[in-house]
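Which chain is which? They are A, B, C, D and E, in the order written, and residues in each are numbered from 1.
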């Protein structure tokens, strides 16, 4: 079943001066991992942010078209905060809050009304374990999250996103700052999570896309050039440009 | 003060001169007593002349002004406060009086320069200037001018009372030079007029007036920052000991003022004393 | 073409209000914030309205004659003096405060005793009443240094007064410049000086200017400290050593004996106008510097 | 060559940093030289704890003014700080750009209005209002010139300081915090209040300290509307005199011991402010360590 | 010939409370690419920063041991700014200055005394071309660098580092935010540059290390576990831990 159904989506920055996404039509499947690939500046992050309406924050950003989540128009009457609870996000640059590690993770649950210390403790531990960082931080949960290394920070952010138990997880190059061991843990985790969640991930790492995603969308200059089964895209792309790009990796 | 009076009330005053009495009511309620600050020349003269200051057994002077009196150090704040509060009473320099407030007759005598001069209105304070022994030629000439017939006329024209009744005409040497005059803000307005008068007869003189307060004026004179100090009080012993010589240049009457809505026109000095010592706190209790 | 775009990502007011029904707490917060802003604006409207109503009818051409005398009580010399005094004070306090803040943020080590001392003294300076500054300035600049009542004595006194404001706001602005800028600059072989003047200070300009504007407000509005240092002569300044009166002092003098209250209100109107103009100009300068 | 420039400039910066120390030392010297002997003459306990102030009879007790300053400043904080911080938040994170173009200069203007103007405004608008509404209608009594009026006035006067310093520090918080919170489903308000504002804590605190400094040091407006009775504070709607008012009101005519007692009042104020600041920095150090 | 000779280097953070680098001994060869690999938090960035004394900026950071650049002790009498001119750096997170693109690039040369407009124009163009970003930005050199996408920003930073013509280029995961096309361009560039320059690069991307580096150093918990020819490290690591790590990548 398709979780997100995007039709005729156009996105403009600077009040229409820059056409960043051009007539996007995509069906993103539930309980699968979809990878967005493409060269820098092609609009991957932009499309990702349209899925939880983070682009609303950008002044002069205009969107036309339709985005349905479980058949419901997210640009319609849906409560924007509940949308973002359902559609979590991990950013390209790690952005932990300037609070303790514990409070970082507990921020989301608290936002959504969980006050019980026992429950919060449980959520914090579970989320950190899921993000493969529990062992490193369990002794310093009360220390500031800003003192961690880049990789640790990013995993913290993933844990923070998991803590609100979203249905969909948007990830914008979540592993670009991680070492291979954490990366593979996150990848394992993603594969594990897709049993229950829908994951959409921007990545520059071809192998990563090939390794873990079910579907892949290839973007170029704001357009979806090719979208389909990952295996098929990587083994026999229909479009010449896709082929160039994928093989260019090793060229 | 404040323009509330300056603008709106003075208008009201002019077009309702006749029904002023009609709109005025016999005052009721708590009296808002407003006083000047401790040490000020105005307050000193006021408490002395109304007997608010009394000697105790050991002969020391005690200022009995009620503790509940509001205190201000500023004439226009005093006027604005009285103009805005129907239950207020205060006192100001005669030279500053305008239509925004009403001056009461004290023991039947109206507060005018005329009455102060002929001694029927007793409440007044001196305006002093002070110099050290080393007075520059220019400064001395200016002082001569102030005390001359011309100078004293300017004093009278501005609502103050001349200090020297029949002074001789100015016959100075009109030297050139810069003269710095500093001190009391009460004396400043009349000093500005004197300056303009003097500069008209002696264009070579350059006079600078620094408005601050009496004590600063005296200190500036002592330290040589200015040539002539201005004070709206008598000089203190410590100041004369430091080499200052005082000279009275004018007298300033002190008017007891109430709100325009207050129907009272007359007050006795005993009543003033009762109000300011806190024996009477309600207008209705005033005999 | 541009107008043809009918964006779907614009929330209607109705949707926004509806979304609050899920978050009553947020609605309360939004309400509080709005209320506070409204209060602030109302206060301003009240005060400015009051000044304008009292002052504008009294604005007469005589008030702007070149020479002051007790008939026209012209505020023209005071206007010029205010501008000179503001510029002079800022010329002293600005560099001093900004450089001091640079030292505190960029050079001093964490937990440095000197830094805490500077901070405590600076904060103490903010609490000293202007009359004390005035008396100090009179005793130190006017008498001890023999500057007499002069613009210079006034400017130095005011400079000490606004120094902590400029220091503190600059410090905050410098602290908020990301460390990555510093790293990048050092990484290119730039020394501290170049890093500070080319990269860090320009990024901190908006913050610094908010401090400068606050200072201008204090300078323009100050009376007590100036009466005892710069004096009250209502003439155009001949040099920095001549005694001057700023608009605030002028207004205070006019009002204090209750003789020229209407003119005092007219002065207040002009004072407001000047503050507005100075703020506007410094805002533009800030934007210029930031753009580079 | 370059190194010399760097070193020289480093010391120039250091010198500038020491300017405020120098200023405080100079002011200190001046205050203490004049004030401390007076305190000695009056007796430190009689001076600090005396409930009577009668310069005419050489009785100098400043306890009423110490209390007055504390009450009025506390009142100003209660009124000004919440409104100021909330307005700062509004300006930084809630204000539509069109409104901002009006609000920003408005707040700057508020900072530029001289105390004297505030004072007259208070005298002509606030005092009668307090007298008629609180005093007569609600029956609290008093002539309007009171502790309450002064607190309101000072609350208004510290607004622009708190607002502009607060606003610029809120703006300086990286947007990634805000975005991160939104992405977790937090509302705009929650993101701002629980993520952005805490991150701007130090700047907001700086604004408050500057504001409180202004409240303690403000005189011209306060003396016009506070009543200035030299006696123990009697109530919210009764007049009160603060330390600073006491100095300004009587300095003009004071001589000899009276004058020195006023300077001694400034010494007390000075020490008072110093203590507050030391306390603040102590609390802050605790905060960062804990 | 060895460009950097590191002996008995120990580094402590927090005034000795945290021992981040333990007895490092390395000879980094001139005109080669050396890759630092290892899990997150193992001290790769820390060692890199010790090579141009960026750690001097970290308060409470203490260093013992010796680092020689061309036989000269960099912790001795060397002018620190000249050291940093000779040893350029590209950071993990892109950090362009808030200035125009042109001014970003010209910053370094200007710092080192170049004022001539013609020369600067030339340097800017050359550096941007080298960093494979000229075509994208040539029409907007006067616009702010902050308006660029993450990938573009990082390439700008590389261009900026190249503009001062360093002898050594330290790169801390320079391509972690880049798409494959830019990545391969940068990699090509690195290979090109090593003809004249010495390059030391931290990377999480095993393939990248394998593909372009001559030598590889594997770090674990602040220690150099293994250092040697890249080929040898990747084909037959001597140390079990290295093997685990490298193969763990694909495990």
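Everything below uses one rule, namely that a contact is a pair of C-beta atoms (placed from the backbone, for glycine too) under 8 Å apart; a residue touches a chain by one contact, two chains touch by 3 or more.
What you see is a predicted model, and the numbers here were worked out from it, not measured in a lab.
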Using only protein Cα atoms, the chain sitting most centrally is C
Strictly by count of touching C-beta pairs, the top pair is C-D
Per the C-alpha means, the centres of subunit A and subunit C lie apart by a whole-Å value of 46
Between subunit D and subunit E, the Cα-mean centres are separated in Å by 51
Per the C-alpha means, the centres of subunit B and subunit C lie apart by a whole-Å value of 37
Taking each chain's centre as the mean of its CA atoms, subunit B sits from subunit E at a distance in Å of 81
Multi-chain contacts in subunit E, i.e. residues touching at least two other chains, fall at 81, 93
Listed in rising order, subunit C residues that touch 2 or more other chains are 19, 23, 178, 191, 255
Multi-partner residues in subunit D (2 or more other chains touched) are 2, 120, 124, 174, 187, 190, 248, 251
As the complex stands, subunit D meets subunit A at residues 174, 176-177, 179-187, 190, 194-195, 198-199
In their shared complex, subunit D is touched by residues of subunit C numbered 19, 23, 25-27, 29-30, 32-37, 39-41, 43-44, 46-48, 50-51, 95-97, 99-100, 102-104, 106-108, 114, 116-133, 135-136, 139-140, 160, 163-165, 167-169, 171-173, 175-176, 178, 191-193, 206-207, 210-211, 213-214, 216-218, 220-224, 248, 251-252, 255, 268, 271-272, 275-276, 278-280, 283
Listed in rising order, the residues of subunit A that touch subunit C in the complex are 10, 12, 15-17, 53, 55-56, 61-66, 75, 77, 79-82
Residue set of subunit A touching subunit D in the complex reads 52, 54, 57, 81-86, 88-89, 91, 93, 95-99, 107-108, 111-112, 157, 160-161, 164
Given the complex, residues on subunit C that touch subunit B span 54, 57-58, 69-70, 138, 142-143, 148-149, 227-228, 231-233, 243, 253, 255-259, 261-262, 264-265
